Each structure stands twice: as C-alpha cells, then as structure tokens.
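Multiple structures are listed underneath, in structure tokens.
Look at the two complexes coming up: chain A is in both, with chain B in one and chain C in the other.
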Partner chain A sequence: MSHQLGRLVSQILQRYFGEIVEKVGNDLFMYGIKPIGMIMKTTGLPRTQVIESLRTLLKFDLAKFESTSGNVDYKLLPDNVLVLIRYPRYLLQMKSKYGTEAELIVEELLQRAACSATLLLVSIANKYKDDTEKNLTIVTLKDTFISLATATYIQQAPVAQLKDGSDIPDLVQVASIVPDLDTRLLMQAMVNPADIKDNVYWKVNYDRFHQDFTDEIMINAMTRRIDDDAGEVMRLLIQEMYLSSSAWAEESNVVALTDLREHASRLKDRPLLQQHLEHYLKVMEENGAGFIRRAGDAGGGQYSVQVKWAARQLVESVLDHVVTERLGSKAARIFRLIRAKKYIEEEDIQKNAMLPNKECKQLTYKLLEEHFVSVQPMRKSQQVSGTQKGIYLYHVKLFDVVHVCREMCYRALHNLSRARSQLVSVHARALDKQRRVRTIVHGMRLRSEPQKNIDDVLETLTPPEVSLLAQVEKQLKQLSAAELELDRNLFILNWYLVYP
Partner chain B sequence: MSGRGRGRGTNSTLTHEQMQALGIARGDNAQQVLAPPPLFPKLDTKPLPLICDAATSYMVIVKDQFIEYLHESPAYVKASKETDGIERYSDKYKLLALDANKERILDCIWTNFPPELRPQAGRARSAARKRKLDDPNEMERRLKVLEKKETQEHTTEVTDTGETSKKDDIDEDIEDEEEHEDEIDDGTDYANNYFDNGEDYEDEDDNLDDDPVY
Partner chain C sequence: MSAKSEDAIQDKIINAIKKIPKGISAAQMAAVVPELSSAELVGAINKLLQQGLIDLYKQNGTLIYKLKNQSTQQIVKGADNEEKVVYNLIEEAANKGIWIREIRNQSNLSNPQLTKILKSLESKKLIKAVKCVNASKKKVYMLYNLEPDRSISGGAWYQDQDFESEFVDILNRQCLRFLQQRADKIRNNPRGPIAGRTQSYATAVEVQKYITDLGISKVKLEVEDVITILNTLVYDGKAESNVYPDGSKVYRAIESLIPPPGLVQVPCGVCPLLHKCYSTGLITPQDCKYMTEWLEQ
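So, the complex of A and B:
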C-alpha cells in the first residue's frame, strides 16, 4: 500500500480502462473502503459513470464489495490490478503447454472475466468457424476445457448467496466440479447462441498459473546449475510433491527414492538419469542451493523439496543482480559479504572485502543510502563518553530489502507506462494514419483489388513517416518487453513474501 | 552545561579523529553544489539488453490485443463528450458510432453484484413512476371535474350533502395527485422532514438526577 504502488495502479487502470475508471480506482486506493456516494463526492463524477466504473472493476475482480448494515462499501484489490500485466504470460504458458485450444479458451475467459462453459465454448467455436488454419471443432474445445478444469487452471466463480432480509449478495467460494458437457447440446447452442441456459460460471485461477511459474523457475534453476537430467529429477520431485503436500507448503512431504526410481524408469530418453539417479540426488542435495533435503534413510532414502528456502535463494540472487547492475560488482561483493556474515562491523568489512579502505566505505554507505543494508548501533556497557566509538553492526534485513526492491519495480513499471503513453501521444497523428491505411488496404485485399491500387494507398505514407513509425514501433515493443521482464522480477519477489 | 567545557575551542561538531575515521581528510571537502540535480541523471552503467525472442514478441502482441479489446468493450468507460456548438460534417458519423456503443452495457453476472450496480434498478423505478395524467381519458375526466368545480365556486355556495361528497371525492383526487407529484420530486433526502423540535431531548434523562428508587 505504498505511494509507488498507488501511482502504478492508477497508471495501469488508465491504460486498460480509461480515465474515469482510473479516477474511481485511485480514489478507492487512497481512502480504502468507500460507498458510492462518497466516491461521487470526492471524484466529482456523475453517478452513472461511477456505477459503470465500479461494474468494470468488480467484473474483472479488481475490486470487491462489503456490505455492512445495508450499506455497500467498495474496496480496490491492487494485487489483482498488477496481475493484469501478467495476462500475456498466462497465455504463453497455455500455448506452450497445452496448445492453441487452451490458449484460446483462457484468452476468451480472461476477456470475459467470468463466463459459463457453454457460452464460452460456443462463442470461441463461432469466432473461428471459418478459420481453416486452426481447424477447431467444438469437441476438441470441450475436451480441452475439461482437462483445464481438471488441472484447476480454471475454477468456478464464487456464487452469490442472499442472506435473509437483505438483497445484497454474499460471494461464497465453491468447490469446482468438473462439468459434464454434452456435445450434442453444444452443437445446438452453436446454431442459436441466444438460448443458452448454463448458469455455472467459470473464471481463471491465477494461483494455479503462479504455481506453474514457480515450478518452472525451480526446474530451470536446477538445469542451469547442474544439467538437464538434474532438472528432470527436480520435475519428478515437484510432481510427487503436489500429490502429497498442499499447494503453497513451505516444505514438501517426503518423497521416497523408490517412487522416484519408478518414475525415472518410464523416461526412456534419459538413460543416464536411470543409471545415476542416486548420484544426481546426492549432487543436488550438496550442491543444489539447498532446494532439496535428504529427510530420512528409510527405503533407500527420502527427499523433500524446500520450497521456502528455494524462494529465498532465488530472491537473494535477484537482489545480488540488482545491486550489481545499480552499484557495480564491488558493491555486490560487499552486499554478499554482509549477508554471509549476518552481523559485521565496518572495519571487518574492509578487511574481508579486499577493497581499498576509502572505496569500501563509500560503497558501504552507498548501500546504506539505497536501503540495501541496515545498521544496528550497539553501545559498549554503561560508559557514555564522546570519545568512545560506538559499534555499528551492518546487516541485511532480507524482508525489508525485498520490499525496497519491490518499490523500485513499481516505480520502474510506472515510468515505463508513462513513457509509453507519452510516446503514443506525441506520435498520435502518424499512428492514426498508419492504422487507417492498414484498414483500407486490408479491405482492398479482401475485395481483391489490383495490386497497383493497393500500392497507391500504401504510398500515402511518406518514407519519412514510414521510418518514424518503424522507430516508434520498435521503442514501444522495447517498453512492453521491459514491462514483462520487470513483472518476472516482481513475481519472484512476491513469491518470497508469500511465506511468512 | 557540562558538555560545553569540552566542546569549546573546536568549531566543528566532530573531532579531527572522528572525521578521519569517517574517511574525510583535510582539504578533502568537495565544492558546495548549488544547482539542483539533473532531472534525468546519467546512468553509471548501461542497462542490460532486453531479451527479444519469439516468446517476448508473442506476449507483446497478445498484450496489445487484450488492451485493444478492452478499449472496444463497454468496460472502457468514456466520458459523455461536450460539443463546442459547431456543427461538423463528421459529427454524423461520430454520433452513429457513439450510438452503437452507447446502448451496450457490460455483461456481468448480475446476481453477484450489489443491487445498486445492477442495470434493472434504474429502469424499474422509472416504470413505476408512470404518471396518472399520461392517460388521455383520465386527463379529460380530470379537466371536467376541475371545470365543474370552478363553475361551482362562481355560483352561490350551496352545500348539499350530495355535493359535499362529490367535492370530497374531487379533493381527494387532487390530493392524491399532489402526493404523487411529491413522490416524484423527492430525489434527495432534504425533501423529507427530519426536523426535530428538540422536545424529546433528554426526556428520559430527567429521572437520573432524582434519588434512586428503592
């Protein structure tokens, strides 16, 4: 709930939903909980617009409402606003893991926020009916939907329950039941979508995606640190972990070696892994940044995955990276030293960091100034005299540093977004012209008009304009890519903060 | 004042040793900078290049598509535009486009929404507000009644029992109408009479001062 977060949230809302929603969202962010009347008063917007904005916010789960004695108060959910930038990553995940159908389903569901299964499948099928390239059928869509629901990538939306005596609904989360969709009924619904009477609503389960991301990060870490086979072992361990442990457990339940061997023997393309499974486990335990731990010796060995520790290791490496890029490798050395020694005096830093005295001090103070390290003053016994030097112990409060780093990410994201809108507004005229030319050309191609005419239209964009537009496009793409990259960092930081 | 004895003689707050301990030697002081720091300070190190692979460009495209979809959808709340009073040829087309967008409302699961946000709320009330006078027959009848009343007032005020009953009927009718009108107007809370003349104030408290009853 920081200032930077507020700026970022309002910037995102403005970009996605326009200025009025931004005003309402920002107002809710600043004051916490508010009823409609108060929002109207502080924002000065007419009631209809406030209502429309609140509808948008509630629909996309960016806000929630609470009812207290007949009044309805609204509250913004900033974390869900930040999730908006992560949507492309979800889609990429779907596309690479489950293919185009899954991607289309998730995309449509994200756009509609909540939708019944029948309507969702029917509208996708109708949209791509003429698309021979994708070759979609309602049957494959249905199967994909069911497999997504089974894997809990999508879940049922909360259901409204009316308390007696009030007409304000209470939203209750229900357990998802995998639907049993009838293909024949779906075919019928495709013909006339108007009379669909499915009132079980579904929505995307962000948490499941986040689990996928954490797994992937851990597997990649192992792959990079040791080799592909070690990554495969990690994958097996994580698979086993989900069978027996809760989703966000700090440490998984133990996995027996025999189970792992059984799974490994099914991987025909990895003969090395089958031969040396125990060696791999040994190496990962000793040299795998503590991602796994040997928990017992029964049955040839039992292993558990240290998820919380893994998150900590990853966050530390992110912070190292940030310090290196901001203040240089020497500062990063001091940062690592302080972290390794837990509490350390200034003189000892100079001795251990092997840097010239003055430079070392300068860098230490720089780190202190940017809040990467903290200092704890200690006073020697009761004597309070001016000449006596106090002892200052430097240390790293990881939790605080993660927060500092998160603020930096928020600020950077905000700046990127601002830079983007600035760029767009400066070149608005050229971009608009390009869009218009494109639509005209597209129309002409559809009508299969002669190439000469199309070229004539294309030539209305002068060469300097074309080069300018190419440059702007490149810059916009770079800004978007940077945004996605920052979001990745933010994800790791938040992952660490999940565990108390 | 005891601290003063030691502090005299030196002007600075720190002793020479302390300054040296902090790494500041004599004559090492930097020039005072009076200009504000630059708005966009130069970076010490160049930032890392961004990864530009197929996955990234896919995500960028998907993101732009999603934002475009939202801008087209009714989720993007637009302000009602004020015109500057100049009629333009292009207005016609702009209005057409606006009208197409105007009637669309967000498709939400309305049962999950508080009643004040549901679209039916507004419409139901306007239907209930249908005025009696909209019906032409009703209007005619009322006009006749009023006319009769007027002529009655001009003539001598003879009061029959029958007449009074009829008059009462008319008055009731008119009162009814007035009441109805009142209902329509009270858009705000100010129309209701919340005035408290203060008579009830501390009525019950009076007994507290008295001796307790045993």
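So, the complex of A and C:
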C-alpha cells in the first residue's frame, strides 16, 4: 500500500467526514491493524472521539474489525474509501437505467449506509411528499425497490452474530431474499414513522454496479472499433454470459449462436444485425481486439467472452493514451513497439519505429525513467571477442506499469482534492455569505413574502461577489467532473488487477 | 535511335541478364524491352556481343545469353597483380562492401600501397567507396556498378547517410489518410460487416500506388518500404494489420478502444513535475500554476 494512496485516503476522509475521522483513518492506514487503545495513544484523541470515528468508518464499510483472542483490532479498507468519490456515478447509472425513483433510493441508502426497506421508502416518500414535479408514490417506490433487489443492486447487510462465549460479534453475509412489502403497511408507516418495526437491513451492492461498468466499457469499445451493431452483439453476449458464468470469471462459459440469434431477432430496429449476425461475430472475433473467441462449432458456433483479455486490452489502451500525452506520440510508438515485440534490443527499436537514432534513444530512456518500460541485461557468455558489449533487452512489465499508472492517478486525485479545499478556503467568506443569503431567501419564499423584500436580501451580494461566486462554482464543478473521470480511469486499472 | 537511348537499352538488357545468372532466351529478352522491334533488338544484342559484355550459348536447342564475367573482362586492361588481388577481394564482398582494414589484412599490402591502389581503381570507376549508415565513419568498398545493400545504405530512408525523419513523418501521415478514407466503410455497411471490412482494408500495394501517384517521394518506394511505414502506423495504434489468405498484408485504420482517460484530462496527468509535487515544499498543488490555468480556461 503506497504512500500516495495514503495521502489520497486521508484527503477524502477529511472531505467527507472531517478532521477527526481523518486522523483515525490515517493512523489505521499507516499501521495496518490496531486496537482502540493504540489508536488513542498515537493520535492523542480521547476515547469517545476514537470510538465515534471508528463507528463512522465501520458503518460505511470503510474499516473492519477482527477479533483475536479477546482483542479487537481495526483495519482500514482504503479501496472502499476511494469508492466514496464514485457515488455520483452510481446515481447516474441508476437514473439512466431505472429512473428517478431508483436514483433516490440508492442515494438515500448510500447516505444511510444501511437501512431497513420500510424506513428507507417511507423517509424518501415523506421527503418528496410535496414535490409535484417528481410525482412519487409509495407504490412506485416499492416496486422500484423490489426490482433493484431482484437485480441485486441492493442486498441485505451482513448480520452480526455472537459466537458462544465471546462478546465480539461476527458479521455474517446472508443471502438476500427479495422482500414482500405490503403497500398498506407502508402507507401507515408514512404517517407514523416512529413505529416501524422492520429490522432487515439493506445496503448497496457495489459489485453489481461495477459489473455494469465493465460491461458498458466493453460494449463501448466494440462500438468504437467496429460499429454500434457490434456493440449490440457484445451486449447480447454479455447478457448470455451472466446466465451461466460467475460474475468475475476470466472467461465466460460458451454462448451458443442459436441463443444469440433468438435474442437478436427481438431487436426489431436492427435489421442489419439480424441479417448478418454470424458475420458480425466473425468480424468481432478477428478484429475486435480479441474480446470474443469462437469456442466451438456445435450448433452453428459457440462463442465466449474473454473478459480478462479485454481488461488487458483496455488497460493497454489507457497506458497508450497516458504515454502519448506525457511523452508524445513518438514515445507511444516506441512503447507499443516494445510491448508488441515482448523483448527487443535498442537497435531494433530504432529500425522498426523509424525514428532518428538520437531521438529514439532519448525517448526510450525517457520511457525508462518514467518506469513505463524496463530493461533486462543479457550476458553473451560464449563471446570471445574483446569488446564484450552486453545486450540490453527492453520490455514492458504490464503489471508494474499499471501500478505506476495507478500511483499517478492517486497523485492526481489527491492534488485535485487539495486544490479543491484550497479553493473553498480561499473563498470561504463569499461562499458562506452566499449560503446564508440562500437560506434566508428560501425561508422568505416559504413564507411567501413580497418579491421586493426578497430582492433586497439578494442584493446584499454585490455584483463582483456574484460573478466571483459563479466562477468558483464553475471551477468546483470542473474539479468534480475531473475527479469522476479519474475515478473511471482508476476503475479500468483496478479491473485489470482483479485478475491474478 | 540516339546514342543515349541505345545506352539505356543496353543497360536494361544487361540488368535483365544479370538477374538470371543462368542466362535468358531471346524471347525473354524481347519481353524486357518491348519497345524494340525484333530487328533493333538483334542489332542491340550484336553490339553487346561485340563489346564482349555478353556471351552466347546453346542450350537444349535454344540460344541463351549470359553475362560475361566482368572481372576478367575489365580488369585486364592495364592492371597489375596487386590491383587484381584487391579487386577480387572487393568483388567477393559484393554489395555488402568491404572495409579497408579487412582488405589490408587479407591482401597483406602496406597501407600507402593499398591506398594508392584503391585510388586508382576508384578513378577508373571500377570500385566506389560507400559510407555506412550504422557507423558514420566507416567506409566500405564495392564494385562501381553495384547498388549498396540496405544494411549499408539504409534504403529509401537515408539521404547521404542521414535519416530523413520528416520524410517518414509525411509518409506516415499520408498512409494514415489513405486508410482513414475507407475506414468508415465497415460501419453499418448495408452489405454486412464482412463486406464492409473488406472495403475498409487496403493492401500495401494499393497504398504504394497512392503514395507514388501523390508524387511526394523522390525515390521509388518499394512495397517493402511502404509496409515499413504502415507498420509504424500499427505501432502508433492507428491501424491494425491482417493477412489475406493469399499471404498479402492488409491494413485498416482503427480508433483506440477508449476515449482519452481521466488521467490525461487533468493537468497533473501530463505534468512533468508530477513526481516532484508534494503537499509541502516548492511544488505543491495548492499554488500550482498549471492547475490555476486549467481552472480558468
């Protein structure tokens, strides 16, 4: 676990949970596993604060505890901390796939970390009771909740179990049962939220979202490489794949052509796809970066999705972009050349890349310096001649390079986050003023005071302040957008690292 | 027929014969210079025979023309023994050339003597000195009429031993343009993706023709040369190559699998100081110029 990750994690914790939690989190990150007493000692925080922080961390799944012989040790889960900045992406996914209700459910659930179905639905319904625009009813909310649970975007939270003779609970994963919610009871609960008795807790299943993301990336890649019909074939293949293969399999089980054809025949708006399905499969197999493979001939043909390989191809594509932007397209050419040839001598690089000797050497050394390529010295043992020149073979250790790139992402994310807090603290006064004015105006609107009074309050923000605030807002937006993009980038890298 | 074109025709014939050391028949020769009538051809051949450049043999009832051994033909004129030895050594090296030190080692001649002989041979236009691309100081000798091997001259990409990177860049771009013109054919092609793919492919020969027609190259580019350029496109990630069943290579322009990822969209991703940027110190994200500029865009 790297220093860069640590910096990023503490930056995120501070932003979402404040300084104290950050202190505890950072302490845990640095030392790995620790009991409460030790945390108190190193951070110098009082016991209550440490416990409070740990509770927050545990609640959001950012840390876990382990009990060994009566002691309870805590451990931070840095990867889950990074997930915090991915929340907007989950919401977007929900909104585009299942609509506003789903988005609200997931949002509320993410905020509460874990919640019972009844309480969740009731609180959302109450919150938006007066919102005519959204037009929510408890019935639609309930239905959406059930479809989300069926599609396993949400699942039951682990249950604490006490083992005999110990007072430290174990968290046990339970199989989710799609709940049978009674609309009438929900209606009653809306009026009287205090006596909800539902005690089955739910939480968001990140993994399911991540699967969606990988699928989406593969489909888009095919669309870019061939065309949108090919992307559609990829979608069909992936759908079929989930029926028979485990979620993060390196390679899917085979999918039969007949099944694909049956699904394709339902896509009425894609006549080309129906007509040329087999051709599409063939072209994808040969020109689709190896995403799919013909696995057999039975029943007209069987295909499998090479998920691991696809992840590799995508990661390589990320790295190519990074090298291109950092060191120029010529360096990217060399990078790719070395990768294609596996092991290659300096002279051959120059010959194949068609670059002037000097430039080529410079770029190769630059690549070496930034750890995008590595070099392997070879000794010619039987050589007799006096000039014993060693051979140096260049090659790309993809796994290592992915780690290098990941570190860069961490750094970049940290820096963005840092720049953001800087921005906020520099303009703290203006932002604060804006917030106050907004609350006042909101209150006045609710009391339906005359427009003139409202305008008076609004005018306390001077024009320069208004334009400054607009600019700050734009910059904050830009920073958040960049953060999300970086997270997408990280996602691909981590996807590759999932496979050993 | 002017004297000049006569020479050109003679050269043509000789080159044709050179390619096939076993000798060629009169009919084959006619195919080489189709612009000549049979009477003119006979005239040209007779001239060559007279000059002692080619020989005539009879094989299985047909007449075969062969090249006369040049060393015996030309060196005889006023050469002494040393010159012959050196000449033979150089001849053996063929179009790879031979280094002066090796000539000296093998001929056991002293340095000044050897230099003199080489000078004299050079002045008679029997041999020439060629600079080697791999080692700029190294000169190799070869027979005057030989085309230096690619390993010596570097092929089409070298002019006077200098690598012409601009020329390569231009060709690289032009090839890509050519491929891109047809790359879209694969997208939603009404005749199906396989037909579309075929239309989006370009063979190296097609590309070669396109480049030649553009007239951007002073030297004639062989298919091999064009393939070298096309391969750089593959390494650029802008094209993929495939092999047709008949063994010829085809190329297709492609898009990268993903749009530019997040890392290269932020200043830090392309920042040369990334690895020197810390929370405190001289370079920090808090007062980073790149960051500010980027935010103010």
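We adopt the following convention: the second predicted complex is superposed on the first by the 494 of 500 C-alpha atoms of A that agree within 3 Å, B and C clash if a C-alpha of one lies under 4 Å from a C-alpha of the other, contacts with A are read in each partner's own complex, and residues count from 1 in each chain.
Note that a contact is a pair of C-beta atoms (placed from the backbone, for glycine too) under 8 Å apart; a residue touches a chain by one contact, two chains touch by 3 or more.
Not measured: the values here are computed from a predicted model.
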Does chain B (first) or chain C (second) touch A:Glu325, or do both, or does neither? both
Would you sort A:Asp212 into first (chain B), second (chain C), both or neither based on which partner it touches? neither
First, second, both or neither for A:Gln111, with chain B first and chain C second: first
First (chain B), second (chain C), both or neither: which does A:Arg336 touch? second
Once chain A of both complexes is superposed, is A:Glu251 in touch with chain B (first), chain C (second), both, or neither? neither
With the two complexes superposed on chain A, say which partner A:Arg224 touches: chain B (first), chain C (second), both, or neither. second
Looking at the overlay, what does A:Leu58 touch: chain B (first), chain C (second), both, or neither? first
Applying the document's definition of touch, where does A:Leu272 land relative to chain B and chain C: first, second, both, or neither? second
Touching partner for A:Arg15 - first (chain B), second (chain C), both, neither: first
Chain A positions touched by chain B in one structure and by chain C in the second: 325-326, 357, 478, 482, 484-485
For the complex, which residues does chain C have touching chain A? 157, 163, 165, 168, 172, 186-188, 190, 192-194, 197, 228-229, 231-232, 234-237, 240, 242, 252, 254-258, 260-266, 268-270, 272, 274, 277, 279, 284-286, 288, 291, 295-296
Across the complex, what residues on chain A touch chain C? 7, 217, 220-221, 224-230, 272, 275-276, 279-280, 282-283, 286-287, 289, 313-314, 317-318, 320-322, 324-326, 329, 332-334, 336-337, 340, 352-357, 359, 405, 408-409, 411-412, 414-416, 418-419, 422-423, 475, 478-479, 482, 484-490, 492
Show which residues of chain A lie in contact with chain B when the two form their complex. 15-21, 36, 49, 51-56, 58-60, 65, 67, 72, 85, 87-89, 91-92, 95-96, 107, 110-114, 157-160, 167-169, 171, 201, 325-328, 357-358, 361-362, 386-387, 389, 477-478, 480-482, 484-485
Can you name the residues of chain B that touch chain A in the complex? 6, 15, 21-23, 44-45, 47-48, 50-52, 55-60, 62-64, 66-67, 69-71, 73-79, 105-109, 111-117
